[in-house]
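Before anything else, here's the structure in question.
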Amino acid sequence: MITIKYFGMLAEHTQCSEEQLEFKPLTLSELVQDLKVKYQLNPASFHVALNHKLVQDCEDITLQLQDEIALLPPFAGG
Amino acid sequence: MITIKYFGMLAEHTQCSEEQLEFKPLTLSELVQDLKVKYQLNPASFHVALNHKLVQDCEDITLQLQDEIALLPPFAGG
Amino acid sequence: MKKKTVFIEGAISPNFISESIAKHQSKHTIGGHNIFLGQVRADVIDAKTVAAIDFTAYEDMALEQIAEIREKAFETYDLTCMHIYHSLGKIKAGEICFFVFVSSKHSKEVYAATEYLVNTIKKNVPIFGKEIFEDDTHQWKTNIK
Amino acid sequence: MKKKTVFIEGAISPNFISESIAKHQSKHTIGGHNIFLGQVRADVIDAKTVAAIDFTAYEDMALEQIAEIREKAFETYDLTCMHIYHSLGKIKAGEICFFVFVSSKHSKEVYAATEYLVNTIKKNVPIFGKEIFEDDTHQWKTNIK
């Protein structure tokens, strides 16, 4: 299984803060593309974190079993 | 009368925090010279304030009745 | 990397701040403290007034980011202590949601250290804020540089 | 020029600081506070340890200087509030003797404003400090830049 987390306005939009998906050997960009289609997400509105690290380029990353992916809207701390 | 105030290590040295002197039409530098002699002060160790303002050049200032002069050692606030 | 307590449920009270200050009075090498406090503003946006901000965070990632930022700050500035607290949940206008507390032997470095911490946390730490207006509508806050 | 209360007899308590913070929670345009606290260090000088500093001031001149510094800071930085307190009398190592408190709509300017206030007050305000060692001897403190 892999875990997908949604935060802030994205959690509001997806109406879901966390979901588990069956593991498939996708690249991270393929997974994100699937989620965009599933939830009609605007790609400009979020960053992607993989196992707590921001990812700039999702192309070359192949998902591993038990990865945790997070879709993060703009930060607003402080 | 004019008032002379001493602070910090200068008050300790003169054993006096404030004194009143009879008014004479001296320049400020003449007055300071008199005080140096009276108390054996080291001129490098203090600044002079006249009516709450630091004075850089005492030469050209003539004392006025009721002036307040202060001899100020290095500042140590904060 | 050690993860210190950062997130506090609800507003940061003035009393919590004074207790943090008091704890440092036994540290006799400290000569200066600098404290930044973030307070929720009642901003008026399109004629609606912000009544509160509801903060959430990606806590695991946020704690890792803050631990890294702390290490970087200790490397860069000559600091004795550093404490960082951020509120989660609904914080009303006028309440304090962010508390950065830096101590050093001398005062010289504390300002830049505090500024670095505040700006880097705003920019790099996954904390999210829902601005709730007085009429109960809301918008999502964004830290724009 | 209005002269505000600056000098406080004895140490500045953490409680006094939290009360000052609490008073600003009704000001809903403030987004950031910055606080500098000067704490008496137990410096070791020639094998003797500082136990306390006894502060005195040329109060009339000091208040005029601080009023000028305040005006200059308000002109230079975009600030909502500014408070400055300094202790007089004997302040023990670990106690707080100096409290500078600046508030602004945004956090951007508060660090430089605090640094300006602290440095200018140290340099220009006639406050004097007798460092009292644990053996009751003393020396006079000097702010050397």
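Some notes on this structure:
Order as written gives the chain letters A, B, C and D; numbering starts at 1 within each chain.
We take it that a contact is a pair of C-beta atoms (placed from the backbone, for glycine too) under 8 Å apart; a residue touches a chain by one contact, two chains touch by 3 or more.
Computed from a prediction, not measured in an experiment: that's the story for all the values here.
Chains making contact with subunit B as well as with subunit D: none in this assembly. A centroid comparison over C-alpha atoms places A as the chain most distant from subunit D.
Taking each chain's centre as the average of its CA atoms, subunit A and subunit D sit 49 Å apart.
Between subunit A and subunit C, the centres computed from C-alpha atoms are 26 Å apart. Computed from the mean C-alpha positions, the centre of subunit A lies at a distance of 73 Å from the centre of subunit B. Separating the CA-averaged centres of subunit C and subunit D is a span of 23 Å.
Contacts with at least two other chains are made by residues 38, 107, 118 of subunit D. Counting partner chains per residue, subunit A has residues 78 touching two or more of them. Chains that are in contact with each other form these pairs: A-C, B-D, C-D. In the complex of the two chains, the subunit D residues touching subunit C come out as 14-15, 17-19, 21-22, 24-39, 41-42, 93-96, 105, 107, 110-112, 114-115, 118. Listed in rising order, the residues of subunit A touching subunit C in the complex are 5, 7-9, 12, 49, 52-53, 70, 72-78. Of all the residues in subunit C, the ones that touch subunit A in their complex are 38, 53, 55-58, 60-61, 64, 86, 97-98, 118, 121-130, 140-143.
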